[in-house]
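Next come two complexes built around chain A: one with chain B, the other with chain C.
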Partner chain A sequence: MSTTTAPLPTAAAGPTPGADPASRHRARQHAARWWIYLFLLPTAVLYGAYTLWPVLASWWYSLLSWSGFESEKTFVGLQNYADVLADPLFLNSFKLTLLFMVVTVPLRVFAALALAVLLNHPRLPLQRLFRTAFFLPVVTTTAIVGVVMQFIFDPASGPVNLALGGLGIPPVDWLGSPETALWTVMVVHTWKWLGVTMIYWLAALQTIPRELVEAAQVDGADARRTFTSITLPLMVPFLVIITLLTVEQNLQVFDLMLTMTGGGPFFATEVIELYIYRWAFASSVPQLGFASAAAVVLGLVLLVIGVGQLLGIRAARRLAGGGR
Partner chain B sequence: MTDNRFPARAAAVLPTRRQLLAGAGGVAAGAVLAACSTAPSGGGGGPSGGQPGTGATGGGTTGGTGPLTWWDQFAPLQDLQKATFQRFAGQGGPQVEYTVYNPNEQGQALQLAFSSQQLPDVFSLAGVGVPPSVLMNQGWFSPLANGEELRSAVPEGTLIEGLHSFDDQLYSFPIFSTRQYDGLLWYSRSAVEAAGLDPDTPPASWDDLRAAARAVQDSGTSGLLLPLQFGERMATFVLELAQAAGFPGATQGGSNGVDLSTGEYAYHHDSVVSAIEFLLSFQTDGLLFPASSSLDARAGRARWAAGGAAFFLDGPYCPGVVVRDFAAFADQLAVGALPTPDGSAPVLNRTPVGGTFWVSGQSDQVDQAAELLALLVGEEYQAGLAEAMDQPPFDLAAVAGSGAHPTYKRAVEMFGEQVFVAPAPQARPGVTDVEAAMGTVEPGLGAIVQGAFSGQVSDVRGALRELSDKLTAAREKAVAEVGGDVSVESWAFPEWQPGTDFDVSGYAR
Partner chain C sequence: MSAAAAPDVPVRPPRRRSPRRLRLWLATVLLLAVAAVWVYPFAWVVSASLKDQLEVFTAGLDLVPESPQWGNYARAWVDADFAGYMLNTVLVTVGTVAVVVIRCAMAGYVLARYDFLGRKAVLLVLVVTLFVPAGYTIIPVVELTQQLGLLNSLTGMVVALSGGGHVAAVLLYMGYFRGIPRELEEAAVIDRAGFFTIFTRVMLPLAGPVTATVVVLTFLATWNAFFLPLVFTFSRPELRTLSVGMQAFVGQNSVDWPGMAAAGTISLLPIVALFLVLQRYFFDGIAGAVKS
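On to the complex of A and B.
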């Protein structure tokens, strides 16, 4: 019985027992690469199945006329995109999504910074308790928060209106009025997720060299001057990163918006996620192709925003570098 | 020695990072292309191991073993369903794995189950807006092998070709009566008495209801609670009120908003505008429960039963829910007919109710499932439906002798006098294909009603006219796509008089 133990004749066959150390080193590197791929495999499979594949599938679905209930899918080219862009309710959703981001991202980022600075103060008592209290909403299920908030903002018997009533202010239909519904959800969303941004800032604040602060204090800088001249400049790189993370998180408002308003009244809180959901699942005759087109359009816009942010960061770095 | 050679060979075949990424990309592209087939994949493949079914269009197979699976949304019927399944098992049938869904969620579950070949053996179509005829062509259903037995058990005129049967094969049947409506006026006896009103004389006219709500409001309780967050239910209320005000159409199925005398969409009809203005007047006059805008039917019913308001529009299933979930309120329950503009008894028209349960085209036990469904047309099940106080059974006579709440019996009694069977355009060839091709037009009637209440729709008539125009345009486009003999006249029944039962022979034009 023959075996494969005979040395291979070419260089590609790799080192023989008498091969030079460099060849053996390269071989070991190649072998190690297999292990890298092996360990990457679970991530690659899961990422491919649950991120890449849905993205690719939604691109393909966006070119089809398909309800999701039928086997038959009809290729319609870019018609779904034309329909989406011509739909005033899509534009309404798009505007609401942007408004939500424009308001809540700075609110959340800077409110969390203020909170973190306060909770980072060495002489503040019960620091851990406060930090836990502000983080608690983060680990509470969003859908439950939404349901509870419906009771809290109930115009008939909610505690908010009861408190206003005690001050002689007439009741407000917080979630049923188009003037207040979106803003109410914005406040709740900011409160719900403030804790996680606060943790980011607390971590960032730990990077400020203690000696810098002490030197400033020795030089007579008060708290405001220390903050504006030391804390804030050192936090700028973190501000960029935290803002990016917050933008991404604040796009994910589906569960809170669905449980608090359902997109109403009359589409006044129908952000893009709800718009896509309505057409994909909640409509009497779902249109998965149309919904996918809306999702792709949103994705492309976000891609543009992301690229813009990236370019902005690079430009800022270049400017900072030139200034030194 | 081999230890040294292994990495050498490995090095010879190892992909570089670029090769790996390119390979992975190629595999992904291949997978995408494989999924790109637009040809119908065909339903009803069914699990292997079964034998060919009845040879009908689509359809599952027979010969499978194991429990049957059953999905529906009828929460009030849970006990009845379980008892029926036990009875079926006692007769030698398989066990039934039973799941009750939220109606909104069931549509999504069915959507996913169909595409992954996991449809339950028996299911209702809650949350599915696609007409059954379209789903049938896609292989969703199996014909019922015991069709003749079932045909003879349901009331005459109940089953209609195009709704329940296709090519003369029976696929489903209704377990509920067509004679029902959702806009019954339920009220709290104690709240009405506290306002100095007679609890045995419900308000009959629109002005009567406004006056009664005013009296209740003055006594410290909100007059009326409307589930404004539930757009579809609000649309139903409006269409029923509009019928009471003279709208020449019907509710149920795809006929909403259609003037059945001409076949045209007529959401902008005076009666629809009047109905919305009537409901709006409660808000304008400060007689509406303040949280109505945030409540759907379930939450609204709970708030009403907890004393939030005196009057509440709801369907016949209201006492069933109250007795089960708010027993302390059951004695306070009273019901009146849908109010009309002049206080006369309402005359409502409803197209025949569709099939309730369907046997899956992916099932491998279609015969067993059909045998189980045969139990639903029996006297025992129909009596159970009356006791459960959900939608009334098709055998309305079963209600009178049941132990149902008196208000439920009164509601069913009124249905027998006030509701008539309207023609269903869907029974005509091509209509359901057109309706499926039309898709959804937004904002629909429910959203417009919500917008009127929130102040975002100031010109109600204009919004309704726009809805009619959009639907007309969508239908014309769909008719052109579908082709065949279908036209706007397919929705027209000029010979039918509202307030009379339609003779099924009239479907032939």
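On to the complex of A and C.
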């Protein structure tokens, strides 16, 4: 701070070459080069080792026969892929993952939209309380919620069956029977994460200019008319982005599924992540190469979705641009 | 619906106020009911944590315990070692948040304000791997950590948790630093401040709001992490975090519902308290994904 006054004359003598902002900036860029790479170093090392390397290593590991982290690796070519794709339980887990997505993604996206539209009403009382309540499950630890839900859905003494019993409905073994287990997890998953999508939609709804709504009301449009001809068209580009974000999030159900059902009963809830976990960590003789091959297949699916996402966002931008 | 309502429209203006208000009240009541269902599981856990073994099974839906059984908490805290799990979770979370904030702020800063060889490549790699799930990377992560001799240690957990992902934090910092006017930097340069000083004394303090968001989001992700801590503590139960400890506890004492509920309450309390105090940053952090 003591030097604040000293350089001032230099700055005042601006016209001299080398002192104009642009070239000074360039000179500094040059001197700063080492700093730049130094600043990138922590991210390069950590992210490189724990995100990039694993992505690439999975491809290599998937070509190995490798039963446990301590044991020998043998190259077996594409054998693991042949085994994975021939395993009915892998196809089962793939199907379950897809079913889970097909049900929960639209449910989350549209239920959250309905909720956000209600909460966005300017004269709704207790707005903040509602927002907090619906977001509360989001911040809680999924693995702990999963354990708690085992008790909530307990067939004998869980509150869900007690409440249904009060209405004269016979008890259901929600998590214990293959027919209901996956659906129960879907309900809990939606309960757990709806708040995130609700916040997305609220942020999206905030972008609607108030004057537009007021103008429509002056023109005599009622609430429904305002919603269908102003709110909905403006929300279409957001629909694409929010759906894609939700797809990515709903692919990651490991915590909830492992703690609620562990993949059972009889593999009825074994989604791909649990399938990989079982072969890599939960079996007496781990098959790490085989599990890696399953992971690579999952990665390829994610890649396809990621590309779809990029295209989707492009399309959404174009829609948003065209609307203006 | 819309067809039935259409003939209504001309008649609406005279009786405009009351049906509107009625609908608003209906919506409020509906939302109250849904919100009650939403928070019910948490009320149930807290209530069960204060009941005795028998009462949990016999009291039905009654949420108020006959007399609070604080012994459940003692059992979870001491016997089930949730004190130890809590300490592990706090250490891992604080360590990870610190590393993530520092590394992401530094990377975001240079990516936002400097043009250098490889900048585009770095950005491309970050965006492409934005959503790599833990299930996909876990095997190489364990292998690498084991070779570094960090498996079965809290340090290893911090390194792995802070290295995996957090692209969003880099992008948040980048977006913010890009918006800071050049003149501020120029002024600091005139003051003969070096690269590092400008970053720590000028830029980082300006990025306070982003740091708050990144801290909150990283705290949330780390406190709630499960897959990685689970796999990292298979052979060292004393290093478990709360989420892993909870699963192990239920595996061993499946009939101790009040103890489980007390352990759950202990584990959820810190993160819920943080959320209630810092709500704005949670919402801002989450909404940021859509706005950008």
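Following the convention adopted for this analysis, the second predicted complex is superposed on the first by the 261 of 324 C-alpha atoms of A that agree within 3 Å, B and C clash if a C-alpha of one lies under 4 Å from a C-alpha of the other, contacts with A are read in each partner's own complex, and residues count from 1 in each chain.
One rule holds in what follows: contacts are C-beta pairs under 8 Å (C-beta built on N, C-alpha and C of every residue); 3 or more make two chains touch, one makes a residue touch a chain.
The structure displayed is predicted, hence computed values, not measured ones.
Engineer: Name the contact category of A:F110: first (chain B only), second (chain C only), both, or neither.
Structural biologist: neither
Engineer: Report for A:S58: first if it touches chain B alone, second if chain C alone, otherwise both or neither.
Structural biologist: In the superposition, A:S58 contacts chain C only.
Engineer: In the overlaid three-chain picture, which partner chain does A:F266 touch, first (chain B) or second (chain C), both, or neither?
Structural biologist: After superposing on A, A:F266 lies in contact with chain B but is clear of chain C.
Engineer: Look at A:Q150 in the shared chain and tell me whether it touches chain B only, chain C only, both, or neither; answer first, second, both or neither.
Structural biologist: After superposition on chain A, A:Q150 lies in contact with both partners, chain B and chain C.
Engineer: Could you figure out whether chain B or chain C reaches more residues of chain A?
Structural biologist: The partner with more contacted residues on chain A is C.
Engineer: Regarding the shared-chain residue A:P178, is it in contact with chain B (first), chain C (second), both, or neither?
Structural biologist: Touch status of A:P178: first partner only.
Engineer: With the two complexes superposed on chain A, say which partner A:G299 touches: chain B (first), chain C (second), both, or neither.
Structural biologist: The second partner, chain C, only.
Engineer: Quick check for you: in the superposed arrangement, does A:F227 touch first (chain B), second (chain C), both or neither?
Structural biologist: A:F227: touches no partner chain.
Engineer: Hey, what residues of chain A end up touching chain B and chain C alike?
Structural biologist: Correct list for chain A: 7-8, 24, 28, 31, 33, 37, 52-53, 57, 69, 150, 156-157, 281.
Engineer: Please give the residue numbers of chain A that touch chain C in the complex, ascending.
Structural biologist: Against chain C, the touching part of chain A is residues 1, 3-4, 7-8, 10-11, 21, 24-25, 28-29, 31-33, 35-37, 39-40, 42-43, 45-47, 49-55, 57-58, 61, 69, 118-119, 121, 123-126, 129-145, 147-152, 156-157, 159, 162-163, 166, 191, 196, 199-200, 202-204, 222-224, 228, 238, 241-242, 245, 248, 251-252, 254-255, 258-259, 272-273, 276-277, 280-281, 288, 291-292, 295, 298-299, 302, 306.
Engineer: Using the touch definition from the top, list the residues of chain B that touch chain A in their complex.
Structural biologist: Residues 1-2, 4-12, 14, 20, 24, 28, 31-32, 35-36, 38, 40-43, 104, 107-108, 110-111, 114-115, 128-130, 134-135, 138-140, 222, 228-229, 231, 289-294, 303, 308, 436, 438-440, 442-443, 447, 450-451, 453-457.
Engineer: Could you list, by residue number, the parts of chain C that touch chain A in their complex?
Structural biologist: Listed in rising order, the residues are 2, 5, 9, 12, 20, 24, 27-28, 31-32, 34-35, 38-42, 44-45, 48, 56-57, 60-61, 99, 102-104, 106-107, 109-111, 114-116, 122, 125-126, 128-144, 146, 159-160, 162-167, 170, 182, 186, 189-192, 195-196, 199, 220, 223-224, 226-227, 231, 234, 242-244, 246-247, 250, 257, 260-261, 264, 267-268, 271-272, 274-276, 279, 282-283, 286-287, 289-291.
Engineer: What does chain A use to touch chain B in their complex?
Structural biologist: So the residues of chain A touching chain B come out as 5, 7-8, 12-17, 19, 23-24, 26-28, 30-31, 33-34, 37, 44, 48, 52-53, 56-57, 60, 64, 67-75, 89, 150, 154-157, 171, 173, 175-178, 261-262, 264-268, 279, 281-287.
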